[in-house]
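Structures given as structure tokens follow.
Both complexes below contain chain A, partnered by chain B and then by chain C.
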Partner chain A sequence: MLSIKLAIKNLLGAGLRTFLNVFILSVAFVVIIMQNGFIQGWNKQAKVDVVEWQYGQGQYWHENYDPYDPFTFQDAHATIPEKLNAARQEGTVAPILVTQATVYPEGRLKSIVLKGIDPHQKTISIPTEKLVREGEDVPAILGSRMAMNIKANVGDYLLVRWRDANGMFDAKELKITGLFRTDVPTVDLGQVWIALEELQQMTGLDNEATMIVIKDQSHAEMDLASWEFQDLDELLYDMNQMIKSKSVGNAIMYLILLALALLAIFDTQVLSIFRRQKEIGTFIAMGMTRRQVIGVFTVEGTMHAVLSLIVGAIWGIPLLLQLKKTGLPMPEGYDQFGLPLGDSIIPAYSLGLVLISVVIVTVTTAIVSYLPARKITKMNPNDAIRGKIQ
Partner chain B sequence: MKTISTLAAILCIPGSLMAQPSGDEILDRIDSNMSSGSRHVISKMVIHGTRNTRTIESETWSVGDEKAYTEYLAPAREKGTKMLKLEDKLWIYSPGTDRTIQISGHMLRQSVMGSDLSYEDMMDDPELRKKYDAAVTGSEEINGTECWVLELTANSPDVAYQMRKIWVDKQRYLPLKEELYAKSGTLLKKTELYDIKKIGNRWYPGKIVFKDMLKKGDGTEFIVEEIEFNVDVPEHLLSKAALR
Partner chain C sequence: MENNTIIKTDNLVKRFPIGGGHFTALEDINLELNTGEFAGLVGPSGSGKTTMLNILGSLDNPSEGDANVLNTSIKSIGARRASQLRKKHIGFIFQTFNLMPVYTVFENVEFPLLLLKMSAAERRKAVLDALEWVGLTDKIKSKPKQLSGGESQRVAIARAMVKKPELVLADEPTANLDAENSHNILRTMEKLNEELNTTFLFATHDDKVIKYLKRIIYLEDGKVVRDEQVKK
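Our next item is the complex of A and B:
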């Protein structure tokens, strides 16, 4: 108790120096919470979005299908398994046929992936009901990014050229009947969606698909010839790795910030012990053990962390709450890299995150406060009380 | 009486139609003009885009239709870019990045240097006789030259174009114009040959104009500056080692 009282008295006595140390430490504390909040928020948001728009609760891929190698698309298709027919009728599985094609927006040539999906599916959020054919025109829908890239709007016709299953060229005009906005660029960029039956007919691949998305786990892990099941862990593997590497990158940044704040506290402690030798000598002369004196100085240093938590809470809580409300707007064009990003990232703070941050800041501050204080054990109390430099 | 009427009918047939060769014969004659064991070409490719026109110079060594090595000579931006085709594989070397990449998948559909030719057009199998049924459907004049109109319909499903229409010079057996159609009947590409010259014992075009009919622009001119047939192609040029 005496240590705490002394610590508070000394800290308040140091005035501006204490305030600067505390403020810098509070910045590190708030930044740690903020950065981790953004990473967690993005992680949460991205996973919800990809499950909703792309992955469902898992996917069956044709054994030859490799989404990163368009060269495989030509041979990656097989008859949709009969076992899934009932679920298909209910719309709880969505077979998708994938083929390469070329579109000619305004007479420019652009390579795309043409995807066929059942207009009545209820498995993923793509608004496929707009693919129901009502007249002569073949309806097509595009994501907003793709529409922006090719300057297409609802009602426009899009000339598309593709090769059928045997490699023969064919060309047709598609009518754009809808645009959709999604945070998942991997169902948007470079893609045009049409009805599954249309694409099957166009390519000569009747009742065939490249992948099958499932809506619930009851259709997972079935033994289907030529099809391999990809569960969410496998499908989200790349994203998890990306988020992991992003977390490491961010950790380096806030560790630098924390190191700067701790360096300031370390310096303050060294200076205090150097300038307050008479005080140290007096403490020992009055009967305090060296360990107790070290305790006083360590508590004094650690109090920076406690004060920084208070100061950080005063300015940090309103800031973090405001960010939670508004999110962090992402620069335009960021989503063109294929990352599932919304217009802004809404941070997700958890009690665990705050507690871990508090522990990290407090423990590291205690350590840097203790390290210079160890010098006290080597001090001669007679010399110290006389203020002789040791 | 029957003999007299048959004779009368034969006499009434115009001379040109009487001499009409079959579609296959015409294709054979075209092949003997256009194909060669090997060749060395220095050419210019003039690409007429929607906004500007670019000229690219190149030197090509080829053996049959399976192997070809091309090095771009100008402009400075493209200079040193090399392309190698070995049967159904295509590689491109870019000096800017000092990397060789195999053109596959999506990239095969991209245009070559922004022209109206795609990489997959370069890979297209030109053996027309095996995969198409040829029929002479008439006679038309192209730029003042009398031509046979030849319609080629695919006899197997594994060809790139369902139908080809070729206008063949009746005298020199050169295709002066060719149109390539999709399965739906949409005209996809058009090729026209100009400046026909006699080189050795064969007729060969000095300029070929390619046009992707779905794309805007005035097409791509391929101008032959120098050409030699049946030359010795240095062995080292037709291997991946030549790309660096």
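Our next item is the complex of A and C:
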């Protein structure tokens, strides 16, 4: 108690110096929580989005299918298993046929992935109802990124060339009947969506698909010949790896921020111990043990963290809550990054995150306060009283 | 040691290492001080006055011999007992006052009582009494930087006296003061010595202090060359 009492008196007495240290530490503290909040918010949002727009609750892939190798597409197709017919009728599984193709927007040539999906599916969020054929034209939908890249709009015709099952080239004009906006670029960039039956006819692959997206777990892990089930853990593996690598980068930023703030406290403590050596000598002359004096200085340094929590709470909580409400708007062109990003990132704060930050900041502050305070044990009190220690 | 003997040294020697050899700051000091004395170690710079005071205040250890302070051997005292001895029984007054700059006068004087874990009410009474002894009750809220040198030293005296120690060790207490302030604080200490029977031991070479001493112990090159009672 005495240490805390003395520490508070000394900190208040030090005035502006204390305020600056506390303020810097509070900035580090709030920024650490904010940064982690954004990273967690982004991760959460990205996972929700890819599940809604792309992965569903898992996917069956044809055994030859490799999404990273377009040359596998030609052989990666098989008849849609009959076991899934009922679910297909309900729209709770969505077979997708994938093939390589080329489009010629405004006379240019662009390689794309042409995907066929059931217009009545209810499994993923792509607005496939716009693929229902109403006339002669074959309807197609594009993501907004793809539309921007090829300067296409609703109502435009798009010439597409593909190879059928026998390797023969064929071409057709598709009518763009809809554009969709998604945070998931992997269902958007370089892709054109048409109705599954259209693509099956165009390629001569009747009732065949490359992958089947499922909406609920009741259709998961079925034993289907030529099909391999990919659960969410496998599908999200790359994203989880990216989150991990982001977390490392984040931790480095975290450490830099904390190190800057702690350096200021360490420096203040070192300076304090030499500047206040007369005080230390006097404390000892009045009957304090060296351990008690070290305690006073360590508590005094650690109190910076406690005060920074209070100061950080005063200005940080309203700021963090406001950011939670409005989110952080993404800069122009963010949608070309190839990452699942929304228009703005809504931070996700958790009690665990705040508590961990509090503990880390407080413990590290205590350590950097204790390290210089240890020098007191080596002080000769007689020299300290006279301020003779260099 | 007799009952009213507060300090007794036996062939006290203090050496400091210098280069490959050592410097003898005190050599075979044999002294005895009784309770209530108002005595001074007098001598030129380097004669060993402060070293002697530091050993008696348990801030330093003798190289040879021993000093017995309040029935405690300084030679064999551990750090914990030394701090207890200083906390409860010894008051220090320094040449440079050594007040805590961020504390008020009241808080500076209160500090030794905090270490003794006295209650707030007891502390307040003791601090006000001590400030009354030194005539500074009107300055309790002032910070050290708002005080004159004389006032600062009076605060230091109040701080040393507030716990009513048996022994006060004052190292050149007037060195930073003008004549008038020196006389004021010496009169204050003299009064406290008479009223509370506190033993005062000064280290000084200031004539103004010497005039007030009732016993003068002359030191020269670490040896006691003369020890005389002064008749007033």
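As a working rule, the second predicted complex is superposed on the first by the 388 of 390 C-alpha atoms of A that agree within 3 Å, B and C clash if a C-alpha of one lies under 4 Å from a C-alpha of the other, contacts with A are read in each partner's own complex, and residues count from 1 in each chain.
Here is the rule we use: contacts are C-beta pairs under 8 Å (C-beta built on N, C-alpha and C of every residue); 3 or more make two chains touch, one makes a residue touch a chain.
From a predicted model like this one, the values you see are computed outputs, not experimental measurements.
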Inset, instruction - Check the residue A:S111 against both partner chains and state whether it touches chain B (first), chain C (second), both, or neither. - result: first
Inset, instruction - Answer with first, second, both or neither: which of chain B and chain C does A:F71 touch in the superposed model? - result: first
Inset, instruction - Kindly classify A:D164 by the partners it touches after superposition: chain B alone (first), chain C alone (second), both, or neither? - result: first
Inset, instruction - Would you sort A:K172 into first (chain B), second (chain C), both or neither based on which partner it touches? - result: first
Legend entry - Contacts of A:K9 with chain B and chain C, given as first, second, both or neither: second
Inset, instruction - Provide the residue numbers of chain A that touch chain C in the complex, in ascending order. - result: 2, 5-6, 9-10, 12-14, 278-279, 281-282, 284-290, 381-382, 385-387
Inset, instruction - Using the touch rule from the top, collect the residues of chain A that touch chain B in their complex. - result: 69-71, 73, 100, 102, 104, 106-109, 111, 159, 161, 163-164, 166-172
Legend entry - For the chain B and chain A complex, residues of the former touching the latter: 50, 104-107, 109-111, 118, 154, 157-162, 180, 182-184, 186, 188, 212, 214-217
Legend entry - chain A-facing residues of chain C, complex: 50, 54, 57, 59-60, 79-80, 83-88, 92, 94, 96, 98, 100-103, 107, 111-112, 114-115, 159
